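Working notes, structure below.
In order of appearance the chains are A, B, C, D and E, and numbering begins at 1 in each one.
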């Protein structure tokens, strides 16, 4: 009798599920919304002057655990926009087929010169097609929606506040919802907004204590 | 009434211990045992695991597990990568709970480098770990049902139901980290991504759904007569043997051993959040299921407590260690063990060597490998069908066992 | 009644034609490999080279199950004609069959007690 | 005419497959050939108007006895040289003698059956299932009941054989643990 | 019309109908299973994915035909054809309506049990001829299970035979249409006998929770492990047809077959068959599977004596029940 009861309950459960809305969608027709922090591909955006921000410092190439980034630094020359001398990069290639989307390259970039985008690349037939060249990375910067995170903002948000601020201790909610489609990575603004979030450090935290011997502050 | 070696083995299997190292020649005198390669390309070996089963009819006389089909030299790779580069690499070890891999590795590095972690970061890590435990146990329940019920049957129904709820957790992780697998959210000294605004209600909503669905899972598994018949008394692992073999986690607790690192050696926020350790008696597949169901409920409670009590503050203690040159260790060795969904995930790091920015040696102690080491002891005497159930109930993740 | 059997035979022939038809259609449609390899024709054993013969000695229990099946089927076969005339012959037929079945079930009880119905 | 033709085809099938049963090297194949012989016999019954018997033949012999034989083969050990040794000259002779004796016995039984000449006349009114039931339960009641004892004996025999073949290694420890 | 022609014509029509039912049935199963699993099921091929089974068949037929090296080629090739014949062959005695019946055998029930029982032959043949350990294990399990559940099946079928006093399926349905459906009255041997029949039918057709011979989580694909393309298709088809025919026979034996108000008999028969067919799927996508030894013990320790008891009860009912109760 017990078994009959168990079975009927199980049957009832599956039948009830059958009349609930499904949890899947037919993919190409319907696309589930992704979180605003969703990161999947890369772009090389401009700086505030409308030039490519990358200066070819190779930080990202060195940090990449999968070693999929190849940067060819260019020579220093005067910027046509500002007239100041700055470094450029000649070529920038990311092999997406081996990339693990860990976002390390974005986090170490002090210039916000490499960012991730929220829209995935199209499926490819050849592995070689997944190698994002310079042109495609540049094009992604204008064509695709940028992900939430970028270097300086993430760096700032990770740093404990240096100075106690009087700002109310709310989570940095407004700052995080910076419009992702913003073409220019306005450097200073989100940092300022993110700052109050860290305004109240926990009392136990040795925020500015001397770093342990093993750690070498840069 | 002659007693062959085979029958003797089976008897001893019932009485207590099996000697898994006994030569097959001792059994195979009459050459009527069949050697069946079970895996690596088999639907129920949870990846690429292989057991060589010596069968007398359908009954297993001797089982020899083979690991290494998914060996990716992670430990060696970690010796070549700098400390800061390794978090995304270990994500792939236990590919069912990447979050805890990162946590274990980062905690070991922090201990080696002597870095303090702020309270908020510790609470966040605890929240992530508990959410990850829920996701991992859900996936385990689904795959275990798949082992018992098949991909073309009720097993896959429970499997997909569990996936439906696991998805909610992954959505939460995506909300925080932007990724669904390679989170890379642990940073030496803290966390990389702060919780977004309005995260707590989302966590509560997801947990409420999962909690309400647990009853449905129970109807389809624990409460079901067929499930009971398939799991009760199958694959009995006694607590003593489990301890000898180094089996940890739910598999150990199902054998009645009350051991949980979260309570016994607290880390993260567990010193502030009291963990109720779930144990069960019997050590069979049924007990292992009971423990995991209990842990699902407990983790839901802990995750709620963690999000409710989430302290404010910085997510990274001092200047975050981001660049390779920032983290250098000239010597020293540490071991850090944490309680992942599968048991004690230990990370042993030796600093120093030629390049101070890389570990000299990194050793990962995966709970899955130790769980698999119980197989030769508990498989003899079971049938081929039981073998699938037993293997599934141990919750092995080959990425972690082989590394 | 032979005519019904002939109909059944024709039915079976049509079923056979269907089976052959599917095989024939497959022969026309199916892909042929340009290159054959030995590995493709290897017996599947989870990706490993098969060890030993695909022949195992099964338990005698299988044989006993088959024996039981035959015996119970024989019983059932005798019950079919009985079922047809049950109404007509009345209580006498009923008692005859009951005693027949009860004697057989004694054998079942014996097997149960001796644990011959235990599969493991 | 067509009936004769049908009979010829079916009988040829039965005989040929019977030959293959004997000739088959592989035991499993021999059993499968035997299956064809049994099906052909069932067809003969159907042609003779013994519908029920044909069904029973399919149900019991093809479905049951053949399975029994398959299992019989499968519980033996695999020997590399299953094929009968060709050098053995005594065995075929012995087999032939036994076969001839059996044939003689069956032939004698048929010849000595009384009223065989009237059989065609009776076959015109085929035996219905109800007739069969009546004859079992009225005329041959004693045999019917005796049959149940026979089946009982067979079950007990099967149980005994099963227990002898298999020492039941898995049952004893549970007794020991009690 | 000659008997041969009658059988062939009805056979062709019935098989065509069954195949299209199976095609729609597969579509429905996938849709229904998808819903039970919170999925959508097939959506792309045809409207609402209706042409999915067709696409599947075309895909399967296009596959390369591989025969493993050590296989017994003759038996390997013969097995799928035999499986098709025996699974379809049972339908010969199926009464779709009072007049639509391919072969109205007076011993229809025995024929159905016999041909259905023959399904063990191709199953074992496939398992043995593949020269594969998984296939052989599956084959042996299948045969043991199939013959074991043959006993409760026969006993369950005996109940309507006793109650109606007929061995012809059409006769049993006719009796029910004149009196009561056996699943409804008499309740005691009727409904449990139907439950017994249903379980035995699931076991014979290798459906969950009794799909031990396939048990893909243990035996990869059981007897069909080495089969590809068209031969696999035939096994797959045979399995579905077996289930469909089993449902139809259940409808005929216990639910009055073509009997029903308002609509023509054929409609009722089809509706009842499909209802049972759906229940099979429903059970299939809900329950886990038993282990082979538990399956056997369930059969011999519980179902067989229950079946015998039901047979005796049915006989007693026929003997002693007041005339009005029938």
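Heads up, the rule we're going with is that contacts are C-beta pairs under 8 Å (C-beta built on N, C-alpha and C of every residue); 3 or more make two chains touch, one makes a residue touch a chain.
All figures in this text were calculated on a predicted structure; none of them were measured in a lab.
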Open item on the list: From the centre of subunit A, which other chain's Cα mean sits the farthest off?
Closed with: D
Task: Between D-E and A-E, the pair with more C-beta contacts - done: D-E
Task: Where subunit C and subunit E are represented by their mean Cα positions, the distance between them in whole Å - done: 13
Task: subunit A and subunit C, separation of their C-alpha mean positions in angstrom - done: 63
Task: Distance between the centres, which are taken as Cα means, of subunit D and subunit B, whole angstrom - done: 58
- [ ] Please compute the C-alpha centroid of subunit A, do the same for subunit B, then give the distance between them in whole Å.
- [x] 29
- [ ] Identify all positions of subunit E at which a residue touches two or more other chains, and write them in rising order.
- [x] 36-39, 105-107, 110-111, 133-134, 137, 140, 143-144, 147, 150, 167, 220, 285-287, 292-294
- [ ] At least two other chains touched by the same residue of subunit A: list those residues.
- [x] 7, 10, 13-14, 17, 23
Task: subunit C: positions in contact with at least two other chains - done: 1-2, 5, 45-46, 50, 55-59, 62, 65-66, 68-69, 73, 77, 80, 83-85, 97, 101, 108, 111, 118, 120
Task: Interface residues, subunit A side, partner subunit B - complex - done: 2-3, 6-7, 9-10, 13-14, 17, 23, 34-39, 59, 62-65, 100-104, 107-108, 116, 147-149, 154-155, 157-161, 169, 171-174, 176-177, 197-198, 200-202, 204-209, 211-218
Task: Touch list for subunit E against partner subunit B, complex - done: 33, 36-39, 133-134, 137, 208-209, 211-212, 214-220, 284-294
TODO: Can you check the complex and tell me which residues of subunit B touch subunit C?
DONE: 32-42, 45, 50, 55, 57-59, 383
TODO: Note which residues of subunit C are touching subunit D in the complex, please.
DONE: 1-2, 5, 53, 55, 57-71, 73-75, 77-78, 80-85, 88-89, 92-93, 96-97, 99-101, 103-104, 106-108, 110-111, 114-116, 118, 120
Open item on the list: Quick check: in the complex, which residue numbers of subunit D touch subunit C?
Closed with: 46-47, 49, 51-52, 54, 56, 59-60, 63-65, 67-68, 70-72, 74-78, 126, 129-130, 132-134, 136-138, 141, 144-145, 147-149, 151-152, 154-156, 158-159, 161-163, 165-166, 168, 170-171
